[in-house]
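This report refers to the structure that appears directly beneath it.
Labels run A, B, C, D and E following the written order; every chain starts at residue 1.
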Amino acid sequence: SGCGSSSKSSKSASSSSNNPSTVQQIKKRGTIRIAVFGDLPPYGWVNKQGQRVGYDLTLARQIAKDLKVKPKFVQVNANNRVDALNSNKVDLVLANFTVTPQRKQVIDFASPYMKVSVGVVSPKSKPVTKVSQLQNKSLIVTKGTTAENYFTTKQQNVNLLKFDSKTQQFNALKNNRGVALADDNSYLYAWVKNQPKFTVGIKSIGPKQYIAPAVKKGNKSLLNWTNKDIKKLNNNGFFEKDYNSQLKPYFGKEVRPSDIVIK
Amino acid sequence: MSSWQIIQQSLPLFEKGFILTLWLSFIGIIGSIIVGLICSLLKYFRVPVFSQIAAVYVEISRNTPLLVQLFFLYYAFPVFGFKLNAELCGIVGLIFLGGSYMAEGFNGGFDGVSKTQVETGKAIGLSRMQLARYVVFPQGFTLSVPALAANIIFLIKETSIFTVIAIPELTNTALDLIGMYYRSSEYLLVLVIGYAIILIPLSIILTLLEKRVRYGAFGN
Amino acid sequence: MAKQVIKVEHLEKYYQKDHILHDINFSIDQGEVVALLGPSGSGKSTLIRCLNGLEPYQNGTVSFNGDQVVPTEKNWQKLRQKIGMVFQSYDLFPNLTVLDNILLGPVKVQKQSRETAKAAAEKLLDQVGLREYENVYPRQLSGGQKQRIAIVRALALNPELMLFDEVTASLDPEMVRGVLNIISKLAQDSDMTMIVVTHEMNFAQQIADRVLFLEDGKILEQTKGDQFFKQPQTDRAKEFLESMDF
Amino acid sequence: MAKQVIKVEHLEKYYQKDHILHDINFSIDQGEVVALLGPSGSGKSTLIRCLNGLEPYQNGTVSFNGDQVVPTEKNWQKLRQKIGMVFQSYDLFPNLTVLDNILLGPVKVQKQSRETAKAAAEKLLDQVGLREYENVYPRQLSGGQKQRIAIVRALALNPELMLFDEVTASLDPEMVRGVLNIISKLAQDSDMTMIVVTHEMNFAQQIADRVLFLEDGKILEQTKGDQFFKQPQTDRAKEFLESMDF
Amino acid sequence: MAHSGINVLFEGRNLIRLFGGLWTTVEIAAVALVLGLILGVILGVLRTFPNRLLRLVLRLYLEFFRIVPTVVLLFLFYYILPKQLGVNLPANQVATLVFALWTAAEMSDIVRGALISVPKHQRESGMAIGLNRLQLYRYVLIPQAVSLELPATINLVTRVIKTTSLLMLISVMDVINVGQQVVEANNQKYPTGVFWVYGIIFVMYFAIDYPLSWWAKRMDKKRLERANG
């Protein structure tokens, strides 16, 4: 109908020449707009000096530097990462974005730079070590995460409590609003290090997954550029350095760089 | 998948959210009316201490956002061991907010009763209680109906903020689906329709009620 | 000697800093009809509102049937059953029928049985020619009819003193007459003690045993009715009377 | 023969289904003062509001200075500069000073220079004895003063016809006289054509060259002023005159 | 332990950042209010015109903004506008636009209400001295409506300010979003920090809105006294 055709035409228009997020456009503009998290230490967060820091942020700055433009950060929550790209709010997402088949249909992922899988954290006093323990219990997740997706599609008899932000979900867990919390295991490792009363009882469920930068569907120009840049950074050991400076201090002994960084 | 299929698949979830929104609004509104009426009566009868407490409550509640009130109830209070489940938080929050709005509505009605009516009542020897019972309340309730109606609509819309404390009402459902399946246009459309289904008929009913009540009591 | 119904001594009234009534002194005997005249803003309304406690006063005393009123809200509330008052605006309760308007005082305040009160009310309604309207709501009445009902409502309490404050001021000119007629009849036929504030000089002349002439919150003269209209004692009153008819 | 200022033929007015004015016919010559009398609700206000287009009418014609008015809002708006009107309620604009109230028409509508208009306005203010109030806001005036200013405001446009609708009805009795005096003077000293609706019979008698007596939206009689008050032609008018004085 | 939690506010630049967030909030509210109030007055005036179609369109505009919760409006404008209409604005501007349009809708109703409650004889006196429609609004109706509507307008202002709390949902770095960052970054050292951070946000909103409400209430009371006295 009329509505559908108009959206189609605008879509085709945005993927062609007047896409505002091509490398050329970005260079012309002098800034690259990057979606990041603001409340997820140690990946993307704001320290008490008000600076945006973290593993993703270091990468983001490096990418901007390689592009010879200034970075401009747009803070997002997990459930608006896709729309931030599609509505041209940002050029690139570097917000711990896990590659999934559904997401691939609506946006384009560049080469991955991190490995993760879903983990489950719970209080040490009542640890959850098997998924079966979650049957008909409340499990805390953040909207739009792979954890939510996994439990919604694969474990339908778990009650999910869905939050908008990481702050909210971790607070909810501390207040015992659910028996456990599911999210990417890499955050959970970092979080439990500071929360001695909690443990990552299930270290990994579901398939091993990858974190990658994302661009708007059809933005070949930026996608290709990013792939090249990631390859270059991989070769010169950037990710290990990034790991050592941003992540290592937050992780316990149970995590090794090779669990996270892709070699 | 076509838009229509997307929408169809989501309908069961939206239906759950819809019912929850209705249910929470209903409890919240009833609670708000009760709290509001109590505050208003405390003020009208100038009950010492309690009327002052009510006044302070009204000001705090009216001048802070529901979202912050909910954050407080949901995230901050448990730090000190006071924990309510999400739905209860939502309802308590909504009543906390709505109580003051309703109180103001009733106050407006009672204050709106004309001074000559009150004096006439006094002149025939009515006591304060009798004055309230036969003159101020019957006329004041009628006068407050428009404000109460506006508050009811307002409170229903405020339930959309419950999304921040993970209550799967309408808005939360839509945002969640968007986060998983990325079809924001379709889901937001369903969401808007969901609110319209509740609010359009309700606002028509309330307008009719207003007209009727006004005519019933003040046709002069 | 006739019984003194009301006596006012050294009454002073302020609104915040404004001195509205200055050293008011007068008394009224049973059955006497007093017209309270004076230019707009002179304090007539304020004075009669002080007489049934609707306005607090800051100094002086009001005595009713020889007993000085201790001016608490409770005392006034009791006294108001004995003091009927009718205001300028038709002040019926819009949420009650005519009959319920009238019965509210007798039944709820004086605790008469509804039957007795109703019988009395219907007699009064007959007198003002509005018996058939007893079950309608005030909005269905004309201004003049409303005002007659308001008078009935005050009379239904069987008051010892009636206060009328410009009861015809907001009526259409053609309606005025009916209402004034009722008050005249009341003044002449019954033994009711009354204070009447009015701007209708012919009417005042017809009913008043005595005139209190007020200006700027002071009683300028207290004169017998006939005499006031023929030969006012003060120049101000003379001037006032002249201005009142074109 | 004097010039005919206004002529009304077969005027009919409805409010929805209610037939308010029935076949109204009359004309007024320059300099004539017509009193429009009749009981409340008879249609007096409605009639004079039709004469300057504030109310639309459904049938019949109004002619002004011999030209039939084509009743569009634009035409009326132009005509209203020639037809002054003063209402019952003191209708000064509370947001403007007295002077600005008066100058609004001459300056904004007639595009006179402010100086000329101001000089004229001050002359008029002198005539009503309110020159010193030109810079105050209406709320600081008494009702009688406000109404006099309203008259000045209408006169400031130099109208050929003045319409007065019960201009003293909401005034305090003592204020009435001053306002009526000004209208009388205007009627007698100037050559102004006027239609005056009033309930003050003495006043009407004094100024009216002719009386139109309206009842139920029909003109029951059109009689010379003196004659109407001494010997009205219809019983209804006689009855009306009797009811008007107590 | 609870009492020491308050120190979370004084760590690093936390407090300054919270005030910075508040500034963003206030800025968006202020710009939206200025635009919205002006547009609202214009629409309110138009809604008193006799043209039925115009009135219907404006009424639908009002009802749309009345029925759709503000949260939903924000998402609609943030995500749908760019996709369907190709208009792309940063979050702060989207927020400003949404709030301005919403304010205009509500304001149009307030203005309309005030205009039609200017006594009829005021309108007619204006017409009687020959003012045309524009002049009538300019010199008579709007100035009087403004004073009638002022309390309601102030109440609308407080509502808009309160509702800016929803900005956190669309990536605006408002005070609540900053608050969440602070809570997360200081979680370990100050477990009760969440109470103090949300506490100060609560106080901030109250400090802005309370004086405004108080003012509106006082004016309403005065008007009531005038009407009664």
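The rule is simple: contacts are C-beta pairs under 8 Å (C-beta built on N, C-alpha and C of every residue); 3 or more make two chains touch, one makes a residue touch a chain.
Please read these numbers as outputs of a predicted model, since none were measured by experiment.
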Original post:
Which chains does subunit B share as contact partners with subunit E?
Top reply: A
Subject >> Chain pair showing more contacts of the two, B-C and A-E >> reply: A-E
Subject >> subunit C and subunit D: spacing of chain centres that average the CA atoms, whole Å >> reply: 36
Subject >> Chain centre separation (subunit D, subunit E; CA means) in Å >> reply: 47
Original post:
Between subunit A and subunit D, what is the gap in Å from one C-alpha centre to the other?
Top reply: 80
Subject >> Distance from the mean Cα position of subunit D to that of subunit B, given in whole angstrom >> reply: 52
Original post:
At which residue positions does subunit A touch at least two other chains?
Top reply: 7, 80, 83, 86, 164, 168, 171, 174
**OP:** Please set out, as single numbers or ranges, the residues of subunit B touching at least two other chains.
**Re:** 75, 79, 163-164, 175, 184-185
Subject >> Where subunit C touches two or more other chains at once, by residue number >> reply: none
Subject >> Every chain pair in contact, whichever chains are involved >> reply: A-B, A-E, B-C, B-E, C-D, D-E
Subject >> subunit C residues within the subunit D interface of the complex >> reply: 39-40, 172-177, 180, 199-200, 202-203, 206, 240, 243-246
Original post:
Which positions of subunit B touch subunit E when the two form their complex?
Top reply: 59-60, 62-69, 71-72, 75-77, 79-80, 111-112, 114-115, 153, 157-158, 160-161, 163-164, 171, 174-175, 184-185, 188, 191-192, 195-196, 199-200, 203
Subject >> Residue numbers on subunit A that touch subunit E, as the complex places them >> reply: 6-7, 10, 13-14, 20, 38-41, 45-50, 74-77, 80, 83-84, 86-89, 164-168, 170-171, 174, 194-195
Subject >> Footprint of subunit A on subunit E - complex, ascending >> reply: 11-14, 16-17, 20, 78-86, 88, 90-91, 169-171, 173, 177-178, 180-188, 191, 194
**OP:** Flag every residue of subunit E that touches subunit B in the complex, lowest number first.
**Re:** 2, 63, 66-72, 75-76, 79-80, 83-84, 158, 162-166, 168-169, 176, 191-192, 194-195, 198-199, 201-202, 205-206, 209-210, 213, 224, 228-229
